[in-house]
Amino acid sequence: MEQPISRYPVPRLEDLPEDIRARIRAVQEKSGFVPNVFLALAHRPEEFRAFFAYHDALMERKSGLTKAEREMIVVATSNANQCQYCVVAHGAILRIRAKDTLVSDQVAINYRKADISPRQKAMLDFAMKVAFESYTVGDSDFAALRSHGFSDEDIWDIGAIAAFFALSNRMANLTGMRPNEEFYLMGRLPTS
Amino acid sequence: MEQPISRYPVPRLEDLPEDIRARIRAVQEKSGFVPNVFLALAHRPEEFRAFFAYHDALMERKSGLTKAEREMIVVATSNANQCQYCVVAHGAILRIRAKDTLVSDQVAINYRKADISPRQKAMLDFAMKVAFESYTVGDSDFAALRSHGFSDEDIWDIGAIAAFFALSNRMANLTGMRPNEEFYLMGRLPTS
Amino acid sequence: MEQPISRYPVPRLEDLPEDIRARIRAVQEKSGFVPNVFLALAHRPEEFRAFFAYHDALMERKSGLTKAEREMIVVATSNANQCQYCVVAHGAILRIRAKDTLVSDQVAINYRKADISPRQKAMLDFAMKVAFESYTVGDSDFAALRSHGFSDEDIWDIGAIAAFFALSNRMANLTGMRPNEEFYLMGRLPTS
Amino acid sequence: MEQPISRYPVPRLEDLPEDIRARIRAVQEKSGFVPNVFLALAHRPEEFRAFFAYHDALMERKSGLTKAEREMIVVATSNANQCQYCVVAHGAILRIRAKDTLVSDQVAINYRKADISPRQKAMLDFAMKVAFESYTVGDSDFAALRSHGFSDEDIWDIGAIAAFFALSNRMANLTGMRPNEEFYLMGRLPTS
Amino acid sequence: MEQPISRYPVPRLEDLPEDIRARIRAVQEKSGFVPNVFLALAHRPEEFRAFFAYHDALMERKSGLTKAEREMIVVATSNANQCQYCVVAHGAILRIRAKDTLVSDQVAINYRKADISPRQKAMLDFAMKVAFESYTVGDSDFAALRSHGFSDEDIWDIGAIAAFFALSNRMANLTGMRPNEEFYLMGRLPTS
Amino acid sequence: MEQPISRYPVPRLEDLPEDIRARIRAVQEKSGFVPNVFLALAHRPEEFRAFFAYHDALMERKSGLTKAEREMIVVATSNANQCQYCVVAHGAILRIRAKDTLVSDQVAINYRKADISPRQKAMLDFAMKVAFESYTVGDSDFAALRSHGFSDEDIWDIGAIAAFFALSNRMANLTGMRPNEEFYLMGRLPTS
């Protein structure tokens, strides 16, 4: 009863355009395996390029949010969207970035009760608002975040990451994207 | 009480990177004005490039969906997300693409009662499912769409457009993006 | 694929009771056409009389709300109820009453971001509360509205209009009432 | 801590227009007391007249629905709207009309498990749909109801009663309308 | 069309273990009849014992909440869960405990408008939060309740009763548990 | 920022009644640590006894459901209730019972896409229905489950476990119950 990694055809690496193949090889060298999101989205090379360009623009940029904080946004909103791929894969990344074996499960299930700071809870409150009722975003939300020390650029980061993973969660659910088994255990051992 | 076009600073054209300036000039020449989404998102050039690359990959590709049908997906899901910019701007584009002065308001308010085909209603049922409960997408949805003549690639298009505008709606609501006044009337006159 | 104006039989003018025929002729003379709500509801003359008596009692009375403000309540709550007839028809009336070509689409899609006053937004917050969770209405709502200068009679007007269009939206959705094509463009041209 | 019968001023009988006073006296003679809805709504005579004209047009007309069935619609939708006045007052009327001491509480709390016929449950399924998601009403709903023997006119009755009490529930919640104590026990004694 | 008291087999008293039979006889002597929850749950003796042990631990203990207040929690949350058995049976108990013929219907339909104290409304606000969104319970809820004079042990009582009837409501809905007719009238007569 | 294991005082083992202390020691010997739920609930010995008696009656009984299947119900419904303790602790138990390192995260996030059988998905569909809209449970649900080979006693088990953890999730959220760190890694290593 094991599911395939995507409802759609998964291209062979050798059939992919050179730039996409290079990107996939780079992640494979770094991680030791190819995360399935790269294979599933490679079915459509143009969309693949835009997706990862967007992802990197948000997740790799210099920001007032740490990389771990950005992953918290992904994990919290993705569980609320019931996106298996994103919670499992980004849960692994969050554990590694935060050097914390517990934080991902805590944030995924109920960030309000996680071992994170009040500032981080305010960040996740806003991320959830953008994810689920962005039409209510208003000046009072900006004021609340500023009172926690977030700049307007930080607020863009929070909102844009929640928005980008709104897209990503839906693509994963549409394609039935399957998380690699490697992610489940990554960052869970104290020495990892 | 008129709102600005974005909560965030809007760059001057002359301060933008050349490729972005060129893209904006091209749309200005074609439309006669610069849609505010280009100015609001230009605040972050890298994200701008990824956003429009993604947009074009979905909205300009050769597809089993007509361009008007793709705009229907945008209009229906964006009203459900209460995204002022996307409903007004893409409502204008839909009227023009469909050469139909009524279809945008009908689809925005309640696509189930719009003057569109049963196939198009099935397309929008699925788009709404991806937009609001993508975690329930399953084989029976694919079967239902295939029975209306949609290929699996068409289904990817429907789902991916709904997913991309999940992102787009949230960015517009985050930035308080204001639709240009030009859009409101575009395509509403019988001869337009 | 054009829908009929009602799921139910639409009476011929000459078969209607004299008072109803007179009312319809009066609106036709004033507007240049007969709005379909008059024809669809004339299927049941007694209900027709009560419906329009109620409508006029609320929408024509002397009130602390302007006529445009009352139409804002109709447009905002009717879009949330996905009522095609009411958004299209009352959107037209709102544009004319407010002498504003943009306000109806703004208020329909997301009144929180419309070019209206804070007082009008407070009015619409309350109208939405009455429309969707009237069981929570309490003293603090009255206090909030009074702080914007609304009298208790004004608050009755806001709530009663939201309540009346809760009825109206449901009747339009029940009968599949179709908006006249004339409404779509009314009030959209700067000189209109 | 007992609440007043309305948040708004309640007129004295002698200050009311003659027709309204007559109507109230008639109901008082028949029932032995004046139901508070008459007093609370008399604050606005024009709306009072339209309200009761509409009510009577639906609840007193000759119909394929029995009077008890019409009251079931009121009771089921009003509890879902958390309208104290309508559940208590119409619960009393339903007990009397149905000559059944149990049916009102059963229908109010969960009509799906009430001692009513499958046809009546289908009627209430549709009434709830009109009350809470009328935008989804479509041909398949009409087909389902016809299979239970309902005519299209009966379906109008079901939908219109649900729609009218959408208005009524909101007015009762807006005004904080208090049910008369007499209603609580009415029709609960086997001989009543 | 009268429903059975449970979807599951109902044991005969003489076939039950002695302790359960004794418990049932005790309640029968006190009440004059056997409430159906005892018969329906006796289908599984071990669960029966745990259920009533839990029930008594919460409902019979010495507490800062009166017995009537505890029943209010049951009645308010059970109507929101559409649990016919619990609203009817505990509505009867609440009327008797509170010596108030009206309070049960008021609290069931909309406790915000019931003739109860602000302290009791705060108690029910929290009970509803535990019943429907317990994941949001936080320090500010405890502070709000303490400001009404509730101790932390009282707050446990409120939350635990809401939690226990979350279980109870679901069991009643699963088994289709039917309230005894005796409950409907109990406590409704002024002298009762 | 690490949370305590409960908002309420946690008793010392030596202060507990003998039967509770014995129960806790037994679980400690078996597991190597004391799961926090035992300590948090020991604050109220009577409720503790009823809680675990109920738990064991459902989770330890001979049933048509395997022990792993029963844990699936806990994990799926507890994540939907955002209960950190239950997802983490029962996720560990499920991994061990199912001898499957992946199943818990899959079932928690979106059981519809987990590597489980169609019969198990039907079981979880019903468990979610009992957990979130038990008022709609009806004969067609029983028929659907029987078609997957479930007996009526199995259906009771599914529903009663969903109901019991509705209670359990609320108690964990009320008390802010913190999962032991040991649970996070349990059953995740292939040899465990």
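Labels for the chains are A, B, C, D, E and F, by order of writing; each one numbers its residues from 1.
The rule is short, and it goes like this: a contact is a pair of C-beta atoms (placed from the backbone, for glycine too) under 8 Å apart; a residue touches a chain by one contact, two chains touch by 3 or more.
Just so it is clear, the structure is predicted and the values come from calculations on it, not from any experiment.
Chains that count as touching both subunit C and subunit E, per the definition above, are A, D. With steps allowed only between chains in touch, the distance from subunit A over to subunit D comes to 2. Following the contact convention of this document, A, C, D, F is the list of chains adjacent to both subunit B and subunit E. For subunit E, the chain with the farthest CA centroid is B. Taking A-C and E-F together, the pair of chains sharing more C-beta contacts is E-F.
Our note on geometry: subunit A versus subunit B, Cα centroid distance of 24 Å, whole angstroms. Chain centres here are Cα averages; for subunit A and subunit E they lie 44 Å apart.
Taking the mean of the C-alpha atoms as each chain's centre, subunit A and subunit F sit 28 Å apart. Counting partners per residue, subunit B has 82-83, 110, 113, 135, 173, 176 as the residues that reach two or more other chains. Here, these are the chain pairs in contact: A-B, A-C, A-E, A-F, B-C, B-D, B-F, C-D, C-E, D-E, D-F, E-F.
The part of subunit E that touches subunit A in the complex is made up of residues 135-136, 138.
If you check the complex, the residues on subunit C that touch subunit A are 110, 112-113. Within the complex, the subunit F residues that touch subunit A are 1-3, 79, 82-84, 87-88, 101-102, 105-106, 108-110, 113-117, 173, 176, 178, 181, 184-185, 188-189. Subunit E contributes residues 7-8, 43-44, 46-47, 49-51, 53-54, 57-58, 61, 81-83, 130-131, 134-135, 137, 142, 152, 156, 159-160, 162-164, 166-167, 169-171, 173-176 to its touches with subunit F in the complex.
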